[in-house]
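See the structures that follow.
Across the two complexes that follow, chain A remains constant while its partner is chain B and subsequently chain C.
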Partner chain A sequence: MRTAVNHRFNFAIVSRLSGQLLIVLAAILASLLALSLWADDGAAMAFAFSAAVVAVVGSLLRFGFGRHAATELRGRESFWMTSVVWLLAMLCGSLPYMFYGAEGFTNALFESVSGFTTTGSSVIARPEQLPPSLQLWRCATQWLGGLGLVLLIVAINPRLASGSLQLYDAEFSGTQQRKLHPHIAVSVSRMWRIYAAVTVAMVVALRLGGESLFQSVCLAMSTVSTGGFLTSSSGLAGANASTMTIVIVFMFLSGVNVAMIYNFVTFKWRRFWHNEELLVYTMLFVVATALCTTAFVADGNTLEDSARFSVFHVASTVSTCGFFIARPAHWSFLVSVVTFLLMFIGASSGSTGGGLKIRRLLTLVKYMRNYVTRMIHPNVVFSIKIDHETVPAEYVNKIFAFAFLYISFVIGGGFVLTLCGSNIPEALSMAAANMANLGPSPLMDAAGSMPVYSVLPLPAKLTLMVLMLAGRLEIFALLAIFSPAYNIFRR
Partner chain B sequence: MRKESFKAILHFVGRMLMAEGALMLLCLVPALHFGDGTALPVTAAGGFTLTVGAFVALTFRDCRTIDDRRMSYLLVTMLWVTMSLFGTLPLIATGATLRFSDAFFESMSGVTSTGATIFGSVEVLPSSVLLWRSMSQWFGGFGIILIVVALSPSLGINRYSLYTAEASGADNTGKTATSTTVTVRRMLVVYVVLTLVFIAALMLSGLHFWDAVNVTFANISSGGFSIYDNSLAALTNVQQYIVALAMLLSGVNFTLLYLFFTFRWGRIGHKLDQFAFYITLCVCAVAFVTWALHSRMQLPFSDALRMATVQSVSVLSTTGSLVADTAQWWLPVTYLFVVLALCGGMAGSTSGGLKVMRVLILLRNVKAVLRSRLHPAAVDPVRLNGKPVLPHIVTNVMVVFFVYVFTIIFTVLALMLCGINATESIGATVGCITGYGPGLGLSGGFGCYEAFTPAAKWVCSFAMLLGRLECLTVLVLLAPRFWRR
Partner chain C sequence: MNIIIAGDGEVGFYLAKSLTELDNNITVVDPHSELLKQLESETDLLTIAGDSTSPRVLQDAGTAGCDLFLAVLHDEPINLVTAILAKKLGAKRTVARITNAELLSPKHRDTFRDLGVDEMVCPERIAAKEITNLLNNTMATEFFDFSGGLLTMYLIRLEADSPVISRSVRELTQTYADLQVRIVAILRNGETIIPHSDTVFQQGDLAYIIGRANQLDIIKQVAGKHDVSIRNVMIAGGGRIGRHAATAIEGKVRTTLIEQDRQRCVELSSVLDKTLIINGDATNIELLKEEGLQRTDAFIAVTDSSETNVLTCLHAKRLGVQRTIALVENTGFITISQDIGIDTIINKKLITASYIARFIVKGTAVSSKWLSGTNAEVIEFSVGRWSPATRRPIGELEMPNGSTIGGIIRGRETMLPSKDLQLRAKDKVVVFTLPSVMDKAARIFS
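Up next is the complex of A and B:
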């Protein structure tokens, strides 16, 4: 068998597949152009230019450089493609903001990166002043990034077969678990269908609850993708009770493994009930909510205020959605701490949420518990089981390596942020929040305002962008392109 | 869990107490020489410790075998807890502090060679207390070498397998002698000789004998207590560089030092991965800090270089001696110090932190994982000094790392619950767990931990214990399974 290094890097296939994605993006931009013309909101020119640029570049890549591409995708190419696709999409995503004239290049790119990575950190202080079509684009980037751009490509190219397992792995790394279907393409298409169905369900629910169609669509795309962009600078402060309830439910759902939702709706309840990750996720939600409520009440808030905020806040944090609502009058530092921890833990694997992922942490904790046992009884042989399946040793090693990298990235990012003038807790929480694709960082003090990322200096913004991307691509895919083993010019 | 093992533990604790009592009695010398009226309390404290130690050791003199691995964890923890419990006696007897939480904090900080202090001003303390503080660090450093070198081979604990490989010999590079006793003796000779050399060097550079002794004791053990209110800033430039060298060596693996000083250079030639990484970290830190001090804080270049060198070495070896009030330094420098302290010195030295060897293995493992994703079938282990590191050792390093991370998180949380603000909590946690000493904010720089609430001081004391014994040794005692038959 030929190994990946022995063949010349296949530029054509990378070009072809990225081109394909750009053409999809161009189509979306074009439909937004139509919307903009219909609504006459003044963003038509911006969308026209963006769609044109993206379409031209996409066609060049797809039909120019990628015309004769083989259909086979191997190791190096799949990692490179993941990074290239994301970078290209983010660049394209920034065009409408720039052409509309709302933001400069850095800010536009930041907004786009934050959107595609479903982070939800925004440089736009007053999103309600943007034209509706641009707001819709802002939310759509999140929705596209939610399940992953590479999964989008796999969905378009079901025949990528051999390479797509690695592709799937590149974006959804570390989730090693039963796929929805032995065939990867079927699996991916099912995931997209579930994702779309959940989104539609949320739109319908919101409509029934009395929200406008536009508001419903935006909110649903932000929630289901665990993004966090909102159409108004005041957050969800003015939303009515039914909207709040729906958002809470769907935030919680979007932090659940997509496969579990599939199992649930297809009546495979045995698998559903026996999923340890889901159990831990739910327990985490309940315990954290109880803790936060208690902390708020102890600090002198009313029970109703405390509970309402806590449920919303915890759901928003465990799913790494990052919505914010009006805080209770007295902030409790314990809530900041709980938030900080939840943010590191993150959502379930195979969900749209970010963070370290519960399944990984569960493996780590189980391994560490067994390690202590072995310290006491050195000759014990053990294996780690999750959902009654043994986790292989080299897999544990990968998880450890991932978690180590994750922490290193947060610490490294924090360092650059202190260079840019943040204090230490602020820098750490900002880095961690963006790494987890959460968005608004739970500042450790009681300030409680939505962080305004536009005031940050350029290096800080760049750092945050890298962190968001690293968090979304689960580090390895991003790191791979800087690793000598993945050098494209090596044969 | 036989009764004999408990008795054996008590026997060893008794012997350790005798040594500690003897050292306390040594503090009589300055007490009498300077005539500050602490002779009587110091005699009482030393005498009491010595008597208790002798009594316990003699009562259980026939029990010397620890047959259960579990007991060794208990032994190590017991040693440090008792050491710091009795170490409070001179502090309380001389009236240096009257609160037990303070005395225990200071004593624990001493025997774990941390260097965090509750004394806002140390220059008002009686000479015997000053010497005791310096000496407890030296004694604590002595203890950790003893544990690492003497105990780990017989323990064969996974946690120590790193040490075993490096300090005392999976291969014959590390194994400097056939018998453990001989190895211990040689390591201790290195420690004592280094101490004497640095005392001499400092005296040659113009320091008084009394000062030289204290400064050396506190720095060669990577401790960090000082007899001056402004720590190393009270010394001349040359003396600061000498101390920097002492701190640098305190972070170096003792086997390496032994081989180096006995001219067996051929045997260390290919064992330098860890040392090279340690020095690289040092050089990078010095470069950045020099730049920061020179261009950001407008210090003259020579001063900037000196301060950067001394302070970076102090941080990386987790000594905690201060060349200036670092609390006033540019924030990124402080941040860098926090990260460096977490890295710590080399495994098998008196320094604290995670140890550069672990960091090195963690980093190399990331590379190995990256390669393995491209070539899943390739056998491509992590290498150290050119030799493959066994997979279970790599995983063990990771477990230690994560236990360390979790310990830090919970300590920060506990401190915040005690009413300390976020920055202070992070600083104090890192300061105490790594054995660096100074924290951030009030407890950073020339500041002290005096303002912490008693509860917070207990948390910090516990953190120092955890950090010194690398968390798991202590935490395993909390597992219910540990106490089952």
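Up next is the complex of A and C:
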């Protein structure tokens, strides 16, 4: 990236664009303030303070430092932008929790990071005791973070021509996707529209199924963004059958590439049916469900219990939603193993889910297979193809680097968590679950109740926050800012 | 017939020479005046040096009113532009040589017809098709379908254990009463013999046999052939032919392709899904052995070098490979290559010429095949309503010396010629003919 080092760092543009995002957040906080006043739930002051602080900081950045910003954005700024925007948003997101007085700074930040990264790990033991407006904010952070905050900026800045692609790549699991439209801003706004449409569809479905509007909106935002926050500590235990079905369907859908949903609704069937990743994703879902069901039945549960839990559990894990329901009476060890593997695999590229992503794994598996062939035929030449398109060698290298870093982060995080007092399986599964933005690790707690992170010591919480962010920003955007080439003080 | 050929490459050169021999007026347009000089000194035709995409050059060549315009340069886009220009300048029929087989789909064909390209020919694709046909039909050296497979012509080598060696054609028909075939020609030591009932077969004869597809088993028996089942195929050379051939057979048989150029290998690997692509030199026999040449059932050598192709095929034969097919561009090599035991020779020029020849034989030819190893040709004629052939039975037709009727297709029925069979209009007649009498033969049916 020569462009990254050949010019002076453009502080103004970073400031301007982050300011813009903060103003959007302030507007959302202000509308929640209105809601809070109307519902008189006691969180009005918290939202008023938060909105004021965010609006002031945002205006300063946008109209103060960022007044004369050039519209050009280059590699170095793109990566900084990504990290700066996420950090700022997370700080702002923690304000309502703090001002409300429910949590201290670390816990509030943890909740905010978990929300924006769509992880869904929570330090709040009894969310049902929070005022509704704050609960809504909690779910809304996931929804905003679902498609990515930088994509939000790209969507509201159609003129941000150069650099948009790097932003898009930095955030949207750059798995060599074909854009939906020649203009990046149009592609991005299409993605947002699909995302919003799916969310609205889910809200309507839940309403028709008999849920309250508030519950429908919260659940839809948590599901479609693959977040996982719930409005009650008892999880979805009390939900009726139609809600369960709707949640399962939409969890599965949120793990699908947004572009595929676009192809589906615009009748581009050929692209839809010939998508290898979608096929593997579906097969993974079916096979894992069958395996888990069999394992549960073998361990003495009824078929109905086993099947119901397995479908829900697998959909929740592959899409990295991280919802949980009451477990069958006898837990099966095999299910723990399957779950752990699914956590690493994660959802489809271009979806709101996390993990290594199926497309990347598919590439790696194909590479490995070819590698074995090479042992027998030393002179063989091959290309790795996904959907009949060749994956360039440099890209394969990038995937290897990514997979290595990903696993290093999980092991490193697991190590720190062990030092903080967790046992090894628990630490590893917690690290993997948060890295994949899955949230409540299904293996953490044998009893099957919602895992609560508030009991963890500070270093453990910090570690988990880093993991969540690294998982959401797909590591490179986060690491880039530590590399000398991206040093902002270098000319 | 006034024919203009744009392009003096291998195909153009060969077409120009053979079409001149058939008594056509040929004009060759090519930018390379040196090559043209050489061509003009060897052949009786007109050459014009210049760029075929220039309307002025085309007008100079007499494009307005020419009967057939052939654009056979190396470059596909130039051929297409040339053909379009020629059509707009008044050529009656245009043919362009292409390399991208995608254009041959009916949809794109229509698009190009609208633009002015009447026919498109992709020699590499035809060659690849020939290769795959041969793999499906392992006993024949060469074969060619008429009227969509109703009649087939096989070129078959008579093996040592064939029961007909040292026996005559008459004896053959007496012994095998249910053998419904016609032997139209025999190739012996590079000589073409039109057999009559007293001709005696010898070991190693290459016999051109025309018959129905259901005659295959009995033909096999007569020729002393054994079935070869093809499971592993090795292709040497990843040029266009190699690529087309691999595309056609991969997935059905295990395919290994060897190509010397690394970059080309990478390109191939992105097109071919199931072929094992090896980067290496096909002349390196050790490499071929390492990649399992001994276990290969068919070896196809289609590198740029005819010599390499012939030599590697010989080597493969020696290691026990059942079928060997070599691309031999040098027409002088063809007979000798067959003599030394290579099963089949593929020649791009002959293939292209075969294909194009059907446009030249005065309008009645449906399809035609120029035979390698001999300059003879097999043409499928459609019998014209007022032609001499409809007035007399076959025995009384004055077929010129050097031509013979191989079979008749009437509707969905096929017949072998007999003395008192009366041809009707719209019958299809398969005729084997030497080039010198081709026009005379054509006149009988038109």
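As a working rule, the second predicted complex is superposed on the first by the 483 of 491 C-alpha atoms of A that agree within 3 Å, B and C clash if a C-alpha of one lies under 4 Å from a C-alpha of the other, contacts with A are read in each partner's own complex, and residues count from 1 in each chain.
Here is the rule we go by: a residue touches a chain if its C-beta (ideal position, glycine included) is under 8 Å from a C-beta of that chain, and two chains touch if they have at least 3 such contacts.
Not measured: the values here are computed from a predicted model.
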item	value
Partner chain in contact with A:329 - chain B first, chain C second, else both or neither	neither
Which of chain B and chain C A:390 touches, first, second, both or neither	second
Chain B versus chain C as contact partner of A:400, first or second or both or neither	first
Partner chain in contact with A:298 - chain B first, chain C second, else both or neither	neither
Contacts of A:368 with chain B and chain C, given as first, second, both or neither	first
Chain B versus chain C as contact partner of A:427, first or second or both or neither	first
Chain B versus chain C as contact partner of A:56, first or second or both or neither	neither
Of chain C and chain B, partner touching more chain A residues	B
Which of chain B and chain C A:382 touches, first, second, both or neither	second
Chain B/chain C common contact set on chain A	373
In the complex, chain C residues that touch chain A	262, 265-266, 268-270, 273, 276-280, 287, 291
Chain B to chain A touching residues, read off their complex	69-70, 73, 156-159, 331-332, 334-336, 338-339, 362, 365-367, 369-375, 391, 394-396, 398-399, 401-403, 405, 409, 413, 416-417, 422-423, 426, 440, 472, 475-476, 479, 481-482
Contact footprint of chain B on chain A as seen in their complex	3-5, 75-76, 79, 169, 333-334, 336-337, 341, 364, 367-368, 371-376, 378, 393-394, 396-398, 400-401, 403-405, 407, 411, 414-415, 418-419, 423-425, 427-428, 444-445, 476, 479-480, 483, 485-486
Residues of chain A touching chain C in the complex	373, 377, 379-383, 385, 388, 390
